[in-house]
Structures are given as C-alpha cells and as structure tokens.
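By letter and in written order, the chains are A, B, C and D; residue numbering begins at 1 in each of them.
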Amino acid sequence: MAFKRRARAIRADHPHHEPHTPSHPLERLIFFSDAVFAIAITLLIIEIQPPDLPRGASVHDQLQALVNLAPHFLGFFISFGVIGAFWVGHHRAFSFAHHWSPKLVFPNMLLLCAIAFMPFSTSYMNANAWQLVPTAFYAAVLLITSLLNIWLVHRATAPGVADEKSDARLIIRTRSRGWAVATGAALALVIAFVSPVWSQPSLSTIPLWLRLYGRIADRRADAMFAPEGT
Amino acid sequence: MAFKRRARAIRADHPHHEPHTPSHPLERLIFFSDAVFAIAITLLIIEIQPPDLPRGASVHDQLQALVNLAPHFLGFFISFGVIGAFWVGHHRAFSFAHHWSPKLVFPNMLLLCAIAFMPFSTSYMNANAWQLVPTAFYAAVLLITSLLNIWLVHRATAPGVADEKSDARLIIRTRSRGWAVATGAALALVIAFVSPVWSQPSLSTIPLWLRLYGRIADRRADAMFAPEGT
Amino acid sequence: MAFKRRARAIRADHPHHEPHTPSHPLERLIFFSDAVFAIAITLLIIEIQPPDLPRGASVHDQLQALVNLAPHFLGFFISFGVIGAFWVGHHRAFSFAHHWSPKLVFPNMLLLCAIAFMPFSTSYMNANAWQLVPTAFYAAVLLITSLLNIWLVHRATAPGVADEKSDARLIIRTRSRGWAVATGAALALVIAFVSPVWSQPSLSTIPLWLRLYGRIADRRADAMFAPEGT
Amino acid sequence: MAFKRRARAIRADHPHHEPHTPSHPLERLIFFSDAVFAIAITLLIIEIQPPDLPRGASVHDQLQALVNLAPHFLGFFISFGVIGAFWVGHHRAFSFAHHWSPKLVFPNMLLLCAIAFMPFSTSYMNANAWQLVPTAFYAAVLLITSLLNIWLVHRATAPGVADEKSDARLIIRTRSRGWAVATGAALALVIAFVSPVWSQPSLSTIPLWLRLYGRIADRRADAMFAPEGT
C-alpha cells in the first residue's frame, strides 16, 4: 500500500505517465511539432539568394544589390515573426495539456502542414512583392493557419486533455489569442484586394486585437467565475 | 531494503532506466527518428519553386502561374500525409516499447532512410506528373517504406521490447495497420502500370484497408484471448 | 504530510516542475532553440556548390577547382565556429536557468532570428570574399547577434529565473563572455572599413577578450564577495 | 535524514542531476548532436536533382534518366550508412556517459562539423564519380571524421564522465569500434590513389575490421580482468 501511494506521489510530478497508458505520447507530439516549427522557421533564409557581384564592383553597386534585397529581408522577418508567434501559441496551449488524447494528432498535423507551407508562401510573396495574387495567397495561407491553430488550441486546453488544476481563466484568455491572429489575417486578406501594399503592414494590428480580445475574454471569465461571496 | 524498494517504485515510472543498463538509449532512438521525420516532412516544400512573374503581370497570368503549380501542391499534401502517417505509426508502435534492444537500430535506420528518400520521389513525381516511370517509382518507394515499417513495428512491439503490461489486443491491432498501408502502396504500384493517373488516388483506399484489417485483427485477438468464463 | 514532503523531495530534482505552473515550458524553449541552432549550423554547407568537372578533367584541374572553393570552406568553418560558440553560450547560460519566465521568449526569439540569418550572411560573404560591403555586413550581423546574446544571457541568469543555488561568481563570469564576443565583432566591423581582408581574421582575438574580461569579472566578483573572515 | 536519503535514491535514477551542478548539460549536448546528425543525414537527398522529362518522353527515356542517377543513389545510400553508423557510435558511447564534463564540448563540436560537411563531400563525389580528387577527398573527410570520433568516444567513456557502474569490458570494446571505421577510411583513401573505382567499395571491409578489432579488444580485456579465482 505504501508502495502504491508513493508511486502515485511520483506520478503526480510526471503527469504524462498515466497508469495503464503508454508513456510519453504527449511529449513526443510536442517534440515533433517543435522540430517542424524550428525547421520551417530556419528554412526561410535559404529562399534568399545572396547577390553575386563582379570582383571590382563599386561600393555603391554593392550597397544597391543589398538594398534590392530589402523586400526579401522584410519578408523573412515577417514570416519569422509569424511562425515564431504560432510556436509561442503552441507552447502556451500545450503547457496546459497534461493528458494524451489521440484527438490531438490530426489538428496538430494539419497545423504543422500549414507551418511547413510558410517558406513557400513567403518566398512566393517576396519574389512578387505587392502584387495582388501573391499577397492574397500569403494572407489566405495565414488565415487558414490561424483557424487550424484555433482548433488545435481548443483541443489542447479541452477537459480531458488539460491539467485539472489549470486556471480556467487562463485557458479562456489563451483561446482568445487565436482569434486575434485570425482577425489580423482576415483583415490582411481583405486589404490585399483593395491595396496589396497595405496587406502585410495590416498584420501589425494583431497586438491591438490581442489586447481587445483579451479584455473581452477577461470579462467573460469574470461573469463565469464571479468571486466567492458575491 | 526500504531504500531499494523505493528506488524500484520510481524506476517503474521510468521504464527506460533499467538496472545495469545504460540509460535512455530508447528515448534517443525515438528522438533521432522524430528529427529525421520532421526534417523530411518540412523539406518537401523547398522542392516547389515559386513562380517569378514580371512586374506588370495581369491578375489572370498570376492566377495561371499558381494553377500550374497545382500538381506540385497536390504532391506536397500527399507526401506530407504519407510521412505524417508513418510518423503516427512510429509514435503508436514505440508507445508500447519500454525496453531497449539493439535489434531496433537497423530496421529503424532503414525506415528513416526510406523516409529521407521521400522528398526525392515526391519531387521526381511532381516534375513528371502522371508519367509511368515516376509514378511507379513513387509507389515502389512507398511499398518498400511500408514493408520496412511493418518490420520495425513488429520489433518495437515484440516481447522483450514491449512493456509487459501492454494490451496484447492493441499490439495485434497496431501491427495490422502496417499491412493496410502496404496493401494501398502495392495497389498504387499495380495501377501505375495500368493507368498512372489513378495510381496516387488509389492511396485513398488505405482507410478502407485499415478498417478491414483492423476487424480481422480484432477477430483474431478474440479467438486468441477468449473472454474469461467461456 | 509525509506524502507532501516526499513529493517536494522529488520536485527538487525536477526544478522545472514548479507547483501550480504548467510543466516544462523552460525545457521546451531550450529544445526549440537547440533545433534552430542545429539547423542553421548544418544548413551552412548547402550554400557551397560542389564543382562539376568534365569526365576527363586532369588531376591538376580537379585540384584547382577544389582550391577555388577555399574561401567557401573557410567561411563555412568560421560560421560553424561562430554558431557553435553561440550555442555553447546558450547552453552555459541556460544551465543556470531553473524557473520559467515569459520574459525569456522575446530575446530568445530575436537571438534565434539572428542565428537563422547566419547562413545568408555567410553565403553572401563567401560569394563576394573580401569586398567592403559583404564583409561589413557579416561583421554587423555578428555584432547584432552578440548584443542579443548579451541580453538573453542576462535574462536567463537573472534572479527569479536562475537557480537560487547558482554560484554568483560563475554568473558574473558567464555574463562577461558575451561582451568578449561583442568586442571581437565590433573590432571586425571597424576593420572591415579599413581593410576587409583582415576583418574575419580579427575575430580570432575573441579568446583574448574572453580571458581579459574573465579576469575583470573575477576581480569584480572578488570585490563583491570578499572571502569570509576579512 | 530520511528526506536526504530518499532524494539520493531518486537522483540515482537521474544521473545527470548532480548536486550543486546545473541540470541537464549532458542531455542538451546529446540532443543538439542528434539534431545535427538528423539534419545532415536528411539533407543528403536534396543534393539529388530529379530528372525533368518532356511530356511525351518514352518509357525507355524515362528509365534511362533514372539509371543515369544510379551513382547519386549509391552515394546517398553510402553516406546515409556512414552518418548513420557514426550516430550509432555516438549513441553507444554516450550511453556510458553519466557525468557532465566541459571537455566533451570541443571534440563533439568538431565531430559535428565533420558530419555537417558530409553532404558536401557526398555531392562532390556524386557529381564527379570515380575521379581521383573527389574520391580521395571523400575518403580523407571520412578518415578525419573517424579520428575525431575516436577522440570523442574516448572522452565520453573516460573515468569522471562514464557511469562508475559501466562494464569496463564494454568500454574497451566500444572504443575498438572507432579504430575499425578509421582503418576502413584509411584503406579507402589509399585505394583512391590506386584505383578510384574501388575506393568506396573498400568501405565494405569495415565490418571485418569491427570483428577483428572486437576480438583483439576482448582478448585485451580478458588479460586485464582475469576471471576471479584464477
């Protein structure tokens, strides 16, 4: 009996080791996802071809060649930020997840597929900056990615997967973040049809949506969990 | 004595730490495999070259260029699904594995070699869509991969490697999955010689084989483990 | 009570499992960083195109083609050393970190962005060896990377993140290392404008700065933590 | 006191958590190495360009294009085997390592540098199959890699790093393996100068050296650890 109690005490610190369940499936899913995120984010750079200048090129020509790459650099930084933000969101959502569920596999795989697609849409956008179709394509891929992200975050923080001791308020707030990114992507898609040049800059409204939706989530949580004694 | 018993209780939660055995070899094998799967699945995208349109290209031309890439996108999604499915199978099989065996190394390395080969056969297929040789080549690589997968799954769930507490029925069912993928790949290979266009679509029969073989496996398990009291 | 005490004893060995905190966020950050470092360092090689010689090329021609690649090989080894050194620094700094802090995410992401950028600045430098702009660009990217590194190392070893039992002297010494790399990079940047050929070789002064700054750090630590009894 | 004893019992199962030492440095080194091995082994494939056939190419032409790639496929499989074998060696050597030592960092980094270089020497070899310089270059890189490997394996299994409970016979045997690979690489290098075509095939003698050196190691171990009672 003492043996059993002790084993349980230890298990509490290793929440993924559930009794009668194969060990580690959740950690392996997270691990695989991290690797895909890391590869996609690092592959972004190999799409940029360095200029190959003739031996005696003047400093002016050398600088000009670098300046010509500016949209590529900008595209790299934007997509690095985008993939990085999705990774942070994945990290945040799965920090609640303590129990394995096979239901996580499919939405996670679809999200990773969308993330692995980002180097293409980035490179396509960079090679044809500010044209209608590539700009709309980039925003559309981002919108699909953010919707898949919402789906996955929902499953990773759902009852049965999330740690029972998780703060329900934090879960509501975390879920609201996905909608903020989706709103920014939808805005960028609409603007692409009006004025492609302003499509990517409109992604910079995402922090505003994050704050707005965060407040709404807090209020909703306040209503749901009225403080004790009121 | 109490000391020893306690240590054993803890060890039960860390099945890979076997007494008198170097620690972690199984986890490192899984880790390395995950990394190879993740890289192969993410490299698929860099095979697709984005179209580089002239500055003033019409929206129609831009859309046309994107539509021309359709077979490449389709190839990306199919191969992403294929590698993803093999990863899920690896994940499922190794969730049973609790004891290290050097016998896992060779079949695992061969499977990873076949997985690492997928970006080539995908890109070869995409560049020459629906021609006989590339289509048959793709299906043949897939068939070899699925046979290596069957071999590895067998070893990872074999007595001496699998957790002693594993559900024997689940192991029988897991092993049956590998045969379903192999059947789909064999069918795609045969059809490639008849009508290359229908080779890849025939992979969509895999879910049917999964269900069929799953039922056969369940029946076989029923026969082997007749319910107590009969 | 005994139950609780035991759980705490175990927790002491798993410092990242803090009570009432989602598990593993620190390990996942480290893991993701390792993957990005590993990919960036390995991608360096794919920038080097192997010479493709005609069938009957003489041994002399074959050797000449290899010798022509010398600046590329040199660039590969320098950048491998640079990324490797940043990884070692990350490894050293995070070996002190025992508590998760969301403040780590942003500087870590920026450092990874700079690391992911290295294959580009390496390849740009290699393709245009010893010209002013590419040389200064390489040194400038390195300087920015080293400043981001200083920022991150500071946060990873700050109170609230660092293990309370960490040796304060070691932390002071670790932080001093970042400044040594930044000094070498700043020197390389200045020299790029004077004589591009000597810019990268001047990075070899970094070990000197490491020793010098290490001594200064030790003295500062001596002053701060005067030995007991004086 | 009981508290302390218990903590020590747990620590015995987590050998990398040494008291007063930052946690996990060994695991992170292994992790980073695994990622570099995995990326290098998977990048091998992207060096092979798939043939791009005209729409109406005959089956004969399609097969011919595939056959022309045969040396590339062979090169891929040989290098996959080589990197895979070094990974298995790393895995085996570090399964003995239980204590962190900063002395591991430098030889490990050098080995990883040689591994990351493999996609280049493979692709160089493939593009110029059976010519003297590329063949000798490939064998020379392999020889350097195997010497770095010997150095690292030695450090990872040295007293102070290796688990005190490690079987000394197994360590002697493990170390002998590195010399077998080095012998094969040295032979391939010598043969490259005599007859380039036979250089890579001579690597297939490595299993023979493994067996031979293994026996010598066993005899040496027998002499050192004469059975008790003799």
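Assume a residue touches a chain if its C-beta (ideal position, glycine included) is under 8 Å from a C-beta of that chain, and two chains touch if they have at least 3 such contacts.
Since this is a predicted model, take the numbers as computed values, not measurements.
By the residue-number overlap criterion, the interface of subunit A with subunit C counts as different, with under half of its numbers used by both chains.
Averaging Cα atoms per chain gives one point for each, and the point farthest from that of subunit A is the centre of D. With centres set at the average Cα position, the gap from subunit B to subunit C is 36 Å. Between the CA-based centres of subunit A and subunit B the separation comes to 25 Å, rounded to the whole angstrom.
The multi-chain contact residues of subunit D, meaning those touching 2 or more other chains, are 6, 10, 31, 35, 39, 43, 46. Those residues of subunit B that touch subunit A in the complex are listed here as 5-6, 9-10, 12-13, 15, 30-31, 34-35, 37-39, 41-46, 48, 50-53, 57, 59, 62-63, 66, 76-77, 80, 84, 87-88, 91, 94-96, 98, 163, 165-166.
The touching residues of subunit B, counted against subunit D in their complex, run 3, 6-7, 10-11, 14, 17, 20, 22-25, 28-29, 31-32, 35-36, 39-40, 43, 46, 105, 109, 112-113, 116-117, 119-120, 123-124, 127-128, 131-134, 137.
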